[in-house]
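Shared between the two complexes below is chain A, which pairs with chain B and chain C, respectively.
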Partner chain A sequence: MIRKKILLIGDFGVGKTSLIRRYIDNTFSDNYLTTIGVKISKKRLSIDTIECEILIWDIEGATPIKKIPHSYFKGASGAIFVCDVSRGQTIDDLYEHINSFLIVNPDAKYVIAYNKIDMLSNQQKESLKIKLSGNEFMTSAKNDENVKNLFETLAKEMIL
Partner chain B sequence: MKNLQNNNQNQLELLKQLLLEDELRQLKQLASKLSSLEIDFNNSEVIQEKIRPVFDDVLLSNLSQKDSKTIDILASYLASVIATSTNQDIDKLSHALQAVISPAISSEIENNKDKMIDALYPIMGGMISKYVTQSIKEMMESINQKIEDGLSFDRYKRKLKSKFTGVSEVELLLEESSDANIESIIVIHKETGLMIAEAHQENKELDDAVMVASMASAIKDFVNDWIQNQDEEMASEVQILSYGNATLYIESAGSVYMIAFMDAEPDYEQRKEINQFFAKVLKRYSKLFQKFEGDMSHQDIPDVEKELFAFINQQTNTTTYPNTQQEHKNNIAKYILYLFIFGLIGYIGVNLYKAYSLYGIEKAIKQEINTTVTLEEKDSYIKVDGYITDISKYDKIESIIHKYSTKSIINNLHIPIKDIYSKINDINQTIPQQLSSTQHEIEKLQKLYNDLQAQNQKISGQLLDATKQINIQKSTLADMIKKNEKIKYIVNIKQNILSDLSSMFASNHYYNQDGSLDFHIKNLFLPNSVMYDKDKIVQIQSDYKKYIMILFSDKIRVSIIKSIVIEGYTDSSGSYTKNIELSAKRAQNIKEYLLGLPISKKYHIDKVMISKGMGSKNPIMKDGLEDKNASRRIKIRFELDNSKIAKQLKRVDI
Partner chain C sequence: MRTIQIVLNAILSKNIFEYILVDTNLKVIESSQGVERYLGEKPKDGDDILDFIPEFVGNEEEIKKIFIKRYCLFTLETVQKNDYYINISIEYCDSKTAIVLLHNVTAITINQQNLLQYSNESTLLYNTLNKVINNQNSMVFIANRNKMEFANHQFLNYFDIPDLEYLKHNDIGIFRLYEHSLNNYLELYEALIDKENYIKINQDSFIIQASKIEETHILFTLTNITDISSKLNIDPLTGIYRKNYLNDIASKILKDNEKFALVVLDLDDFKKINDTYGHQVGDNILKEFVKLVKIQIRKEDIFARWGGEEFLLLMKDTTPQDVKHRIESIRTQIDEYIFDVVEHITCSFGIACTTKDDDIDSLLYRADKALYEAKATGKNRVIIKID
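Moving on to the complex of A and B:
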């Protein structure tokens, strides 16, 4: 069995914790998130017959005052960067998050979740969809849209 | 006559019975009640029972109204009632009072904590102190007994340790007897926080060790970050995390760290034991730890877990059955003998070494400055005896001794007195000269300082000007960079458009590298027909939308698009002129269809779209033959307006 650490990174309130709730098997209480800035959850899955277990570090959203502690980045094999499509600033901040992460883990894999897609009209969705590349997903934790796909694409990238 | 009288009387009775039947019955009932009341009236118990509820009601009413007379009466009797009841039936009294007193005390404690503590402390504090003191006394007696009785190597070891460290033997024994119990051990990869191996005491398994390992790792990182933020020079790591009775002892080295879950904080000895074990495991499995990438099927992991388990079991057994002193007792004589011999050899060795060292120093002094001295080494100094002819040798001897020893020197050398006077005279002569020269130096330095101060002021002014200048330059540079980026974008606009189109249509086989979409869809048009197949046009519609989105994605692109060209084609049958006409109509029909789409209206494509008939030019070939059904097609391409590109460049340059 392969065990890997992945991170969930994004601005405050973009829906990281909701994405995890949709997906995981086991988790620590949410209290840890406000106490030490990270909450850890676990998911077992099978990628092309390879059994693996991913430990998801849900890192508390950054705010202008509170930056993400980089010691949590260490040793991550992958990351999911999350933004809120209804808040443009959270999309603009993705670049900084990705950059900070890749400085610590240059060989790690990552995917991007354009979350809260349920808040867009069909036309807006279509125009966003054509701009997305292979590692970018339109997700909705509320409607369980693309959540599994998001995590499993990253797991495949890391394992295979 | 008598019979008649009797008869009348009977009749009268009969008549009474008939007329007064009800009254007689009531009379009997009244007589019976009266008799019963007479009995009750004579029985005090019955009277008490009857009037008690009334009395209770009156008493309760008076108490609730805090009637002082009632309270005074009750107070005078209460003490004696309690005293009597205590003698008669304590349990019953306790039970009765408990219901009232317990809630009263609870309420009083809740409302007046401080007062209650003050009131109870003299009683409770004394009582607690008494019991705690008694327990400690018993424990100390037991330990003293152990010390007195114990005749083992450990006892001598403890005595020696006590002597050297200054810690009392009792404290050491207390320390030895309080080993914390290790319930679980997990080994965690430092960088990732992933658990590599785990072992637990039976029935003490952690619920989800993998999660616990990661969480512990996060907490450790958090605490370390915090500590290092508080004091940046501090590079140490957190070693103990405690919560209630649970303690996590963390030992970190190399690429892993180990967490021992314990029921109390480990003492120095136990930490040392854990650290030694960890060092052993670390050394043995260093390859596994260094190259760990999450592969839990690694062949060494079960072996690591076996070792962890063995260590937990070993310490459990030691904690449960600590009495291995009996074995030591059998070897006391042997240990003491070894100790004695070892001490003797050490003593002789140290003295020999000292003597040899001193002899070496004396020899060196003789060789270097041709002076014989005698050295004697004490605990903290070296004493030097002898005669010297020249005072300068005094310093040389000291420097030679310091080459070999760091101890201070007690100098007992005999120096000729005339040499000392001559030295003092020399010094007296040179002091005024040196003083004057120093004065001169100070004046020079003062002047230099003033000059430097003036220069500094001048430079500060220049620096301020330079900073202003730099800021202006910086702002200009930023503008230039911005302009340069825009110019670069405009100059490379065609390549950028082509690159975006290539990404968008990477897997689309109608897309050509020149930026055109050649829709060679089979039978898009039937031979000689100008009308397109309505089902097949859907593909063109979808790709056209994406094509327009890229071409019109920003203001600069919109401004420099000269035209969107729809080219119509025929197959190679038919004459040249007929084919030109047919292909032009096909292109025109497609143009009209595309201009009807909302996206065309949004971007005002009608102003730039043109259609062209290309005839049978560039037919579609397959296996060396023309695929006529595919040749009847249309193509979409774009053209840029170079003059508008030049205008855009000019505008940026201004």
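Moving on to the complex of A and C:
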């Protein structure tokens, strides 16, 4: 069976762990608990009859004084870059995260999650939606919006 | 192998390390008893290590090079497995065997996580508070006794200060702009307590307020009222009313047939001060003068600037004798007060009390005439015209 490593990368508190919990266990908690180090979750998928196992790395978020160790990036086939739409700085920081990751894995695939869209009004969502390109998703782990789509779009990109 | 086993037994006895031995195809040869608590079950001989340590996925080829290079740099720190935190590393044993070491770092990691949680929550709160402060319309700054520690964007932009670090090392001494004689921010705070105060910076007028947030730190806010003050008829230099406002009030009182006294105050020889010391000193004198008068007048009295060094005071509910007595007291205070730079100045006063057919112009005419008489008869005196 094909095994692929993917990472969720972004600033601290953007909801990386919540997206994984929603995708793997279909659960959500409003309580913020900082992730330290790395935790791996597995998900089996069948993509166009190809059986595969996605190993999802939930790694601790970047803080202003602590960057993500590059050792976590090695061997990854893909990444989900996550930002929090209610914190502009986390969107600004995406570019740096993507660059750091692609230096280690130039051929890897990636998607971007604009998370916590449950905090936006319908009008704000509409204006954000217009700006998004094909590999960018508006997500809400809280309301289960676009989470499955996010992970499985990346999986297809990597497998097919 | 025998030596390795002895070493392993020694470190395993401390319950910190567990191990899995793997062959060149990364199949399990043997593992220690304690790996089960991290992996959920004990791997059997021939099992694929990737089923138990999926952290190796994507790095299989690099790990296999250990049998050629005889060393491996693959180490993963702080991996959460089954409620434990472990460091995973792989070392060369012999040409057919490598050892995967699982180092239990749970205790230290939980302490680090508590710190990180606190740090991240503090950062989020700090960022939010920063946004709140930077989105205020007012300029906000925090100072200790001698220097500024923080200022919001509005403050930095207004004073064209590049950043907080620059501000911390190049204090702009706002306290001196409020009053020349003040030496630090603590004195400014003490001067502002329980009062509505005004400060003029460049061509703008601000309400300045202060509150202690710590024994050593004071929060100051500066609210720009340049536009509002013109609408509200407030004199931007001194913070008291303009003549138009006093006129409106006086007309209303006259219409209601209420009695009052109108006082014209004029600083003696003020032109000489401006000519000798400059307009900045002149402005400071006017502010000091207003402060002195404000201390002595009643809450219901209306004090306004007519223009230049001339002021008006409207006093209700008073008799000619009482008003003369009060104004004489103000005159004495000014005469005895030591002003900054010029030290001594005096003021002349003309008082008119309302009569039956008075309008604001007739009243002002008589008060002005009284003032003229005060000036003509030697200055620094009070003349009252009852009718």
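The rule is simple: the second predicted complex is superposed on the first by the 148 of 160 C-alpha atoms of A that agree within 3 Å, B and C clash if a C-alpha of one lies under 4 Å from a C-alpha of the other, contacts with A are read in each partner's own complex, and residues count from 1 in each chain.
Just so we're on the same page, a residue touches a chain if its C-beta (ideal position, glycine included) is under 8 Å from a C-beta of that chain, and two chains touch if they have at least 3 such contacts.
Given the structure is predicted, the values throughout are model-derived calculations rather than measurements.
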First (chain B), second (chain C), both or neither touched by A:55: both
Touching partner for A:98 - first (chain B), second (chain C), both, neither: neither
First, second, both or neither for A:13, with chain B first and chain C second: second
Which superposed partner A:2 touches (first chain B, second chain C, both, neither): first
First (chain B), second (chain C), both or neither touched by A:87: second
Touching partner for A:47 - first (chain B), second (chain C), both, neither: neither
Which of chain B and chain C A:130 touches, first, second, both or neither: first
Chain B versus chain C as contact partner of A:71, first or second or both or neither: both
Residues of chain A that lie at the interface with chain B and also at the interface with chain C: 3-5, 32, 36-38, 40, 42, 55, 69, 71-72, 74-77
Complex interface listing, chain A residues touching chain C: 3-5, 12-13, 32-34, 36-40, 42, 55, 60-61, 63-64, 69, 71-72, 74-77, 87, 89
Touch list for chain A against partner chain B, complex: 1-5, 26, 28, 32, 36-38, 40, 42, 53, 55, 57, 69, 71-72, 74-77, 127, 130
Contact footprint of chain A on chain B as seen in their complex: 189-195, 208, 210-211, 214-215, 218-219, 221-222, 224-225, 294-297, 504, 546, 549
Footprint of chain A on chain C - complex, ascending: 50, 54-55, 57-59, 62, 75-80, 85, 109, 112-113, 116-117, 119-121, 123-124, 127
